[in-house]
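Two complexes follow with chain A in common, the first pairing it with chain B and the second with chain C.
Now for the complex of A and B:
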């Protein structure tokens, strides 16, 4: 339905205060949302990192910052290693990686909310359109 | 048991290690590198010089990587000859190794033009970690505050940026009529030139260094135009050429410069493969075979080579030149053919001079063949995907540069393939 609550809760979950009011009132710069809501006429959908099996972003990364977690198979960015060359942005066919705004300007993407039980976007989707599915090989 | 020898520890060599181990857990893998450290990132040397990266972050694969993949690593191992009859590799230090399958992933070496005085102290090429160490030490010792960079390509400009970070005034000397001529379009070059000039850099186009003056050490350079620049530092960055000298008389067939490979990354010798900047590949955007020295292609080729070496037959689908770089604070991406003109070519443009934002798309036969993004690179990969996979854009062409453009505009069929992970750089 295009409410964009997923974007808002993604920003909040990745903010300093983790408080929805404080983030939008006081935090400068705000984190960029790792979930992007697209709209065209009456269609809407949310897109985030697909954690591709054959991930082009990992292949293109010149620093090794973009890597796969051996335990979860999720694709993560090591913010300390990233230098912001944006090779990953160039090769991600989903457009799911963005330039970060907080601290160093490094690549920002969905981390599946590793610190939470359920990703913020999924937990707060009022329509239950976003779900977390584990795919086993 | 299969014995694999890989020459080169760059992205192609390491991708091959990963691919081999996916298929063959038993075989022996020996990785040879002429460097003192394996798996350090060459593009990061400019960041290291400019103090934007710490030494400990120079490695893009940790040392544990080699243990996990059970790789015998030999550093400081420069290969001088390959004997394809006896399947032996000979090293500079006199040692030799035998192989069942060999991968050549030796990358490129900087090209040095015949310029008088180039042997003087203070003249550098800049492609290896040791170059960075030598140059940083030279700058410190000689108190360099003015430098000349010959070559306005990506290496030259990233080096320029690092030197400027160190408070050094830089003169860029470029033979073509603009910097970045090989990778970006005219407008993008113009925007980057302005930005560099604003930061105090001097750009000399249509010009080159004809003579290096000084005693033992460089003191000034003389340009073709007659200009003279006082400097203690000259960086020669006019390009790299495949590092294949050791293959002379080996029987491995070379093209114009690089190693010729088929779509399994196999050379003219059936148990020898090659990948990365030392090869000549099919440039899908022009249909021409040439060296495309970029990281993503090296990784992809290394992976394809590795699979095939280990017995999993896959075919490489070819690559498209693309580059991403941030210069003078402006993020810039260029993909595919960006400098073409003609009746059958349609160009879409968006420009906002006040914010240095410029976007250009090149369409031919209803397909996107090139894209340039300057200042705003958001979601650029979507366009790269459309170019790489030859998607017909005729039905949503008008929306391509709209602010809200995204996956939602793309054909359902293509989106489905993307999501299901069916579009790969290689096919079984």
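Now for the complex of A and C:
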């Protein structure tokens, strides 16, 4: 519905303090949200990493920072290995990867909130527009 | 100063510490009351635009917003209240009829609050609904004078032919709200909830959207004075037909859906051109007497091959009892009575607040009249208009109703905050609007779940109250006014309601 609260809660979940008010008052730089709401007329759509089966970002990554978690099949960035060449940003068909702000030269993308049971965006979406669904292969 | 603006009814308070400038409130307010000033890096509110729907309050992720009543908008005066003075200012400004929505909001019409229920002690045992079966299923439709049974090898066969009935698993239905007055997502929510709970929703007079056809088994289709969207397919699509003569929020008044709201899908559903005003005349132009009504009832029965019950909805007015008697004699299978608190999408405020009678009195006098005339079994009585909770339901049934309709309560379960601005079509909760951006805010999955939850909760409470009275079936409570007592009512009001004052034994 275009409230963009998913973005706000994504930023909070990936912040240092994890406190919604403190993040926005004190944390500079703020993390970039990994979910972005695109709007055109009355269509609004939250875009985040699709964790593609055939992920172009993994193929394009020159250092092997972009990898697939063998347990969950989710696509993650290893911040130690990322050198900030932005090839992943170039090849992502969804535009779901951005340049991070917190650590320099690190790609920022949806990590499905690894440290939470339910991703912050899903948990806080007031209209249940965002749902976490595992598509069986 | 000649030019005056009516004072703002609400104040939007923002906690500056908590506000993180996410601008959700700015983006979400359809009345554009909230706005952001980049230079100040502050979010402000134009209080005069706020309607008090509390959407921004609900959406604010840091709980920074509080919408409160403007406490001293007008100097306090018991007779010249803030509402009265504001209305005069608005009319001096516009010279027009004041519009309002929802139901009558004046306190003095509620009899439900002055009626109390009985419970068993010592001499008659109460029933624990958790341990013993409790029947709240009921049937709407004409009942036979008597039933002929045949017992064959221990099994009982019903020989009497029963006219079509609606089977309600809970004695509560969703009242007529058209697609047009409410959004398609709101219609879908109620339809799905009715299906989940084994009860019925009502299409209202706006025709039937194709997405709602799948809920036909749980649907009552309405045939009102505008006859929008009525054809053979429509009449046969639902489980019953309701002829709408009047509505509690606007007795004697027709309906008017402005052309701006007649969008492509609405024009298709109502079968009228896009952008034309959808006007429902005040009377049906083919009904000027009970005899004319009888013709329409039987025309509809013919059209549906006598397979569906046909009911008639009227608003509760002074003559409600004889009118209801006429309707039953005209052949209606159920009579719907909508009291002065009945809601609407738009009505002149003066009509909403002053025309009609309280539903409690109407139920009692109609039930009594039909009993006195020996025709109570010929039709079920469904009542509507301001039913707020399970206690109101049970009081209505004890006064003589078979089932109730809920409208406002159902919408509140979907998110409605009773701001009473349905007529603007800008409902922030996605209910009373056709703006696709706003309609999306009501997810029909969530809506259906919440509306069904409401019915489930009320059903549980009804069982508890029935058990307390020592009654194990809702049909044994119907018209059982001995279970009711009045508090603070005059002797004559008690007589009309057919109940004793609190303190008087059986």
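One rule holds in what follows: the second predicted complex is superposed on the first by the 137 of 137 C-alpha atoms of A that agree within 3 Å, B and C clash if a C-alpha of one lies under 4 Å from a C-alpha of the other, contacts with A are read in each partner's own complex, and residues count from 1 in each chain.
Here is the rule we go by: a residue touches a chain if its C-beta (ideal position, glycine included) is under 8 Å from a C-beta of that chain, and two chains touch if they have at least 3 such contacts.
Remember, predicted model here, so these are calculated numbers, not experimental data.
With both complexes brought onto chain A, simultaneous placement of chain B and chain C is permitted, the two fitting side by side without a clash. Contact with chain B, but none with chain C, is seen for A:52 once the two complexes are overlaid on the shared chain. When the two structures are aligned on the shared chain, A:89 is found in touch with chain B, with no touch to chain C. In the superposed pair of complexes, A:124 makes contact with chain C only, with no contact to chain B.
Once chain A of one complex is fitted onto chain A of the other, the partner contacts of A:36 are limited to chain B, with no touch recorded for chain C. In the superposition on chain A, A:75 makes contact with neither chain B nor chain C. Of the two partner chains placed around the shared chain by superposition, chain C is the only one that A:5 touches, whereas chain B remains out of contact. In the superposed model, A:24 lies in contact with chain C only, and not with chain B. For chain A, the partner with contacts to more residues, out of chain B and chain C, is B. In this overlay, which is a superposition and not a single complex, chain B and chain C have their closest Cα atoms 15 Å apart.
Within chain A, no residue touches chain B in one complex and chain C in the other. On the side of chain A, the complex with chain C involves touching residues 1-5, 8-9, 20-21, 23-25, 42, 44, 124, 126-129. Contact residues of chain B toward chain A in the complex are 11, 15, 41, 43-44, 47, 52-53, 57, 59-62, 295-296, 299-300, 303, 322-326, 331, 333, 335, 377-382, 384-385, 388, 404, 406-409, 418-419, 421, 423-424. For chain A in complex with chain B, the residues that touch the partner chain are 36, 38-40, 43, 45, 47, 50, 52-54, 56, 59-64, 80-81, 83-95, 97-99. In the complex of the two chains, the chain C residues touching chain A come out as 17-18, 20-24, 27-28, 58-59, 61-62, 430, 435-437, 440-443, 445-446.
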